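To keep things simple, chains are lettered A, B, C and D as they appear, and every chain counts its residues starting from 1.
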Amino acid sequence: MILSEDKTMSEHNHHEHHVSSVGQLWAIGIALTLLTILTVGLSHVEIPAPFDVVVALTVAFVKAFLVCAFFMNLYWDTKFNSMLLIGAFAFFILMVAVTLLDTLYRNDVVPSF
Amino acid sequence: MATAEVSNKKTLKVQRFKPSDNPSNTYLTDEKGVWAWMTTVDHKKIGIMYLVAVAIFFAVGGALALLLRTELMTPAKTFIEADTYNQLFTLHGAIMVFFVLVPSIPAALGNFIMPMQLGAKDVAFPKLNLASFYIYVAGAIFTFIALAQHGLDTGWTFYTPYSTESSSSVIWVTMGVFILGFSSILTGTNFITTIHKMRAPGITWGKLPLNVWALYATSIIQVLATPVLAITVLLLTMERWLGFGIFDPALGGDPVLFQHFFWFYSHPAVYIMIVPGFGIISEVISTFSKKTVFGYWAIALSSLAIAFIGFLVWGHHMFTSGQSAVATTVFSFLTFLVGIPTGIKIFNWIATLYKGSIKMDTPMIYVFIFLFLFSIGGFTGIMLGALSVDIHLHDTYYVVAHFHYVMMGGTLIALLAGLHFWWPKMTGKLYNEKLAKIASVFIFVGFNVTFLPQFVMGAQGMPRRYYNYVDQFTAFHQTSTIGSYLLGVGFLIILYYLMHSLFKGAKSPANPWGSRGLEWQATSPPDFHNFDHTPVVIHGPYDYHQPMEEFQLGLAVDTNGHDSETAKEVVDKEREQWKNYSLG
Amino acid sequence: MDRLFEFMLPEAKSPTADSTDALFHFINEVSLVLLIGITFALIYFAIKYRRRSEDDETPVITHNNTLEITWSVVPLLICFVIFGWGYTGWLNLKSVPDNAYEIQVNGFKWGWNVKYANGAQTLNEIHVPEGRPVKIVLQSSDVLHSFFVPDYRVKHDVVPGRYTYVWFEAEEAGESIVFCTEYCGTGHSDMLAKVIVHTEEDFQTWLEKNGGGVSGTPVEQGEQLVQLQGCTTCHSDDGTRLIGPSFKGLWESEETLSDGSTVTVDENYLRESILNPGAKIVESYDNVMTPYEGRISDEEITNIIEYLKTLK
Amino acid sequence: MSNHSQAHPAHLQHHFVDSDQQFDAAKMGMWVFIVNEILFFGGLFCAYIVFRAWYPDLFTMAATKLDTTMGAINTVVLIGSSLSVAMAIRAAQLNKTKWIKINLLITITLACVFLVIKYFEYSHKMHDGIFPGATLYTYEGIDHPLAHVFFSIYYVMTGIHAIHIIVGIGLMIWIYIRAKRNEFGSEYYTPVEMVGLYWHLVDVIWIFLFPLLYLIE
């Protein structure tokens, strides 16, 4: 008897592992160093209150993206692993955001929305 | 001999393998001796070790509960001091939550059953699995050191600043919980990877047993929530040890922030405890009504929905704590949302019974008990989510009764259902059905006599964690105490007949319930590698309209290329190979 | 059925309790209907569809979207109603009327110290006028407590370093019990108090009689202070062993400390033990007392010591 | 599922079907572990954010006590070590065992440099009486009643990060020993890749710690 099935047994497919070139890796390393110098430099520039944090974090996110995508090979990896990383970060944001919902609004006697 | 086209490209040669009723070689006869057990990486043995550990802790926690109930026979002192009482209820809570409920279903039953339901030989990381068990033991040792020192009197919630001032051994316990957390995290990590990567040919996401779906949702919560518990108890330890000033108001900290941190883990943790129970219920209810589960996707996805929404409702433990009004409102709203997927599950299970072929064996009796008790737990949860009512009921016996209905009436009853369901599979022995039914009556009656009065006295104002109480509550407390003794008797009967079956029980056939589940297509008890062959799955686990033969297919040519060998030879050969295995 | 639900709650004695009680009854009724439905379905199916033979064939019913949507949406709507109802009731509990009479309540291990605007002080007794909104401002000297009056359906945690509050309006003269509902240690379950409701007239008389706080000779003041500050919760004046050492015979006695050294109880030892009790703990007792640093004046300490000297 | 007739390669564990399944499982397990690390540090970042939102002045004042230069040097050191780990993985993929070892040694050295600089930072602060927690904290140079809270957060965040560095050094030494035994090559380099992922994560966390602690104006 022939039994047919439409899906593969599980998600492991045969694929070539990505090998980064030396030039690529050095380029990322140098970019990260330059961004570090940039963020230190920017910290000496007077930027008004909330935006100094925004600028510092933006640079940090760009650096983190470079490390995750190219050093940690997420760029070539299965999308599921990227999803895990983004999911973890989303839950972290959730935790902070909902905690701030309390700590920032303690003074309101009743909800002000 | 048949062929199954399992992937788009490949055609597999498939052959029917009937589970032998007289297995020459099982995981129990293999690798005998204490040392072999202690160093085993076999998921089944690790599952059994967890089960034994959980049972011991449950006995300890249960004994503590009986002591507490006995003390509450009279309004004033009955036989122990207030400080002792405070230590007992703290330990009862901490042991039951951290050492019993959290690992009970995933680490004990899940470890044993889940890889078999996937048709895998083991979990993805067997050594890590063993490591999780020893980390659990290490956590337990730390807690027992605390007991030998000054005990713990903070309540299992460790609320600051009481826990930073208390003269009991808080640090030993927080370190114990910290260590224990890693056990839970590693189990979760292991399970997620196993479910993704270790499924046998043909098991698509739509053919995954609902127990596996439930464990998947549980593992996600474990991985996302437990690290926050670790950091919370670490900060608490530092607060006590060095005076960090993050949680202690005397040093500039905020006790409500501690509650946020604590409940960010501990609320999802109640789903770590209950969601695997849902998985068991789905398996049992379908087997004993011999019928496809109604609303497979509704049940599977509602587990994930619970896992997700469960992260957003922690603040409902803090309605009276002094958190901001806007947070309270948002948390209350989200709390109701988490009730919906739970309700969906209950309705789907009941619909599964419709036009089934229902056999009221012990596991099914526990499922019925579960559905009744858990519904009450759920309804009273809705009550507690309603803001104005919660203000009145918060921290009273109403809450105590509610979470016992959910945690004991839910998780523990589901655990009993699962234990009775898979007991023949795990041990290869049948238990005394008549005694089991008698015990279930004791459990059901005892449970309700214990906890129903607590709803009433809670609503009337009886606060929780009270050593002395005002006279008007005496009758309720006494009824409750008598109920707890009945419960105790029920558990003793269970212990008796299970032990009896272990040594003198009748031999169980491979599939005593006629289940279509993959784990039942192996011998009872299973072979060392679960299956003599790599199973191939073409039907869903609940396709009772398909003939049994089509659930017993396996690769005609084993992937390891030793199809002509007997199971014994395979085991021997692979053990030889183990010696060369490297970590990784 | 209504009688059963009413039996579950204590008699409501504040108008703010009405919405809470109504919602409590509503959820109970809806739950009971659903629970009876579920139980009936379970038992009915178990009997009607019992297994007749091992070869029973069952129909393949995989799902039904109409049913799924029904039993998702209907409970959701009920939940929205409950949320809105609970929310409005709770807003009412949070919004204190402007004319509320304010009373300061300080929770400590283990008792409630109550202060009124005119300087009157009581321990574990909250005297309030009937028919007038009362705002209880809560603060804690040590750990978390929680102020709970079942009769008024109000509760709020008492958080150290912050002020929180509850309000209610007692409907008629009488007494209501107050519980501490946040676990706070050995004496948690004894941390009870009473709300004593007077008629407006009686309340004014009571206030006048007790206005100005402690009075009399230093010894008399000291005696009142050890009551009001809650010292007597843990220290007896007749030699009985409670949570802390008894006051009787304490003065000028020789005490062995937990580190083995001895100390003579004099003014300085007593002063230190009030302000910083953890410094020298008498053997066989636990370090559980709240430090009174910043909560008590030098004159009050002197008066207390004068009183303790009389307890031979 | 290939290689029906071949025997297991030495590195393949008995419960996996083939090397690909083993590699993918290990990698996915590692990513799930990284998820849990992110939430572990996430708890600390949450405490940081809550307190920074409550007391912005405290953070501005107290951050001046942190040595930006040392922090910046450490950032570059960690970036360098991440680069060398990536090179080690590349070497493994290309069967260049010698370069695995050289790159691992560079990484271990840089990790040690990081710790040495961290040691100087800590000892300098402790010399001034800046300790974690109010019990030991004696420094009076910061005019804020909650100065100790900032340094509690600083010490616990950087301290747990430093513990991760130490664990990483241990793992790297273990990998180095195995590389020396010629266990890795293009067919099997899972442990190198896993330790690499771990090490990059430690780097990423520092990438966020650095601006949030040192670069507050």
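The definition used in the following text is that a residue touches a chain if its C-beta (ideal position, glycine included) is under 8 Å from a C-beta of that chain, and two chains touch if they have at least 3 such contacts.
Quantities reported herein were computed from a predicted structural model and do not represent experimental measurements.
Chain pairs A-B and B-D differ in how many C-beta pairs are in contact, and the one with more is B-D.
With centres defined as mean CA coordinates, chain D is found 34 Å away from chain B.
With centres taken as mean Cα positions, chain D sits 47 Å from chain C.
Remark: chain A and chain D have CA centroids separated by 16 Å (rounded to whole angstrom).
Counting only residues that touch two or more partner chains, chain A has 9-12, 80, 88, 91, 95, 99, 103-104, 109-110. Residue positions of chain C touching 2 or more other chains, listed in rising order: 94. For chain B, residues touching at least two other chains, in rising order: 196-198, 201, 224, 228, 254, 256-257, 264, 322, 325, 328-329. Of all possible chain pairs, the ones that touch are A-B, A-C, A-D, B-C, B-D.
Residues 10, 120-126, 128, 185, 188-190, 192-194, 196-198, 201, 223-228, 230-232, 234-235, 238-239, 241-246, 251-254, 257, 261, 264, 529, 534, 557, 559-561, 574, 577-578, 580-584 of chain B touch chain D in their complex.
For chain B in complex with chain A, the touching residues are 2-8, 14, 196-204, 224, 228, 254, 256-257, 260, 264, 311-312, 314-315, 322-330, 538, 553.
Residues 9-15, 17, 19-20, 22, 25-26, 28-29, 32-33, 36-37, 39-40, 43-44, 46-47, 52, 56-57, 59-60, 63-64, 67-68, 71-72, 77-78, 80-81, 84-85, 87-89, 91-92, 95-96, 99-100, 103-104 of chain A touch chain D in their complex. Every residue of chain B that touches chain C in the complex is listed here, in rising order: 82-83, 86, 153-155, 159, 161-162, 165-167, 249-250, 255-256, 289-292, 294-298, 320-322, 325, 328-329, 332-333, 336-337, 339-340, 343-344, 346-348, 350-351, 353-360, 368, 371-372, 375-376, 379-380, 382-383, 385-392, 394-396, 455-456, 459-461, 463-470, 514, 544-545.
If you check the complex, the residues on chain A that touch chain C are 109-110.
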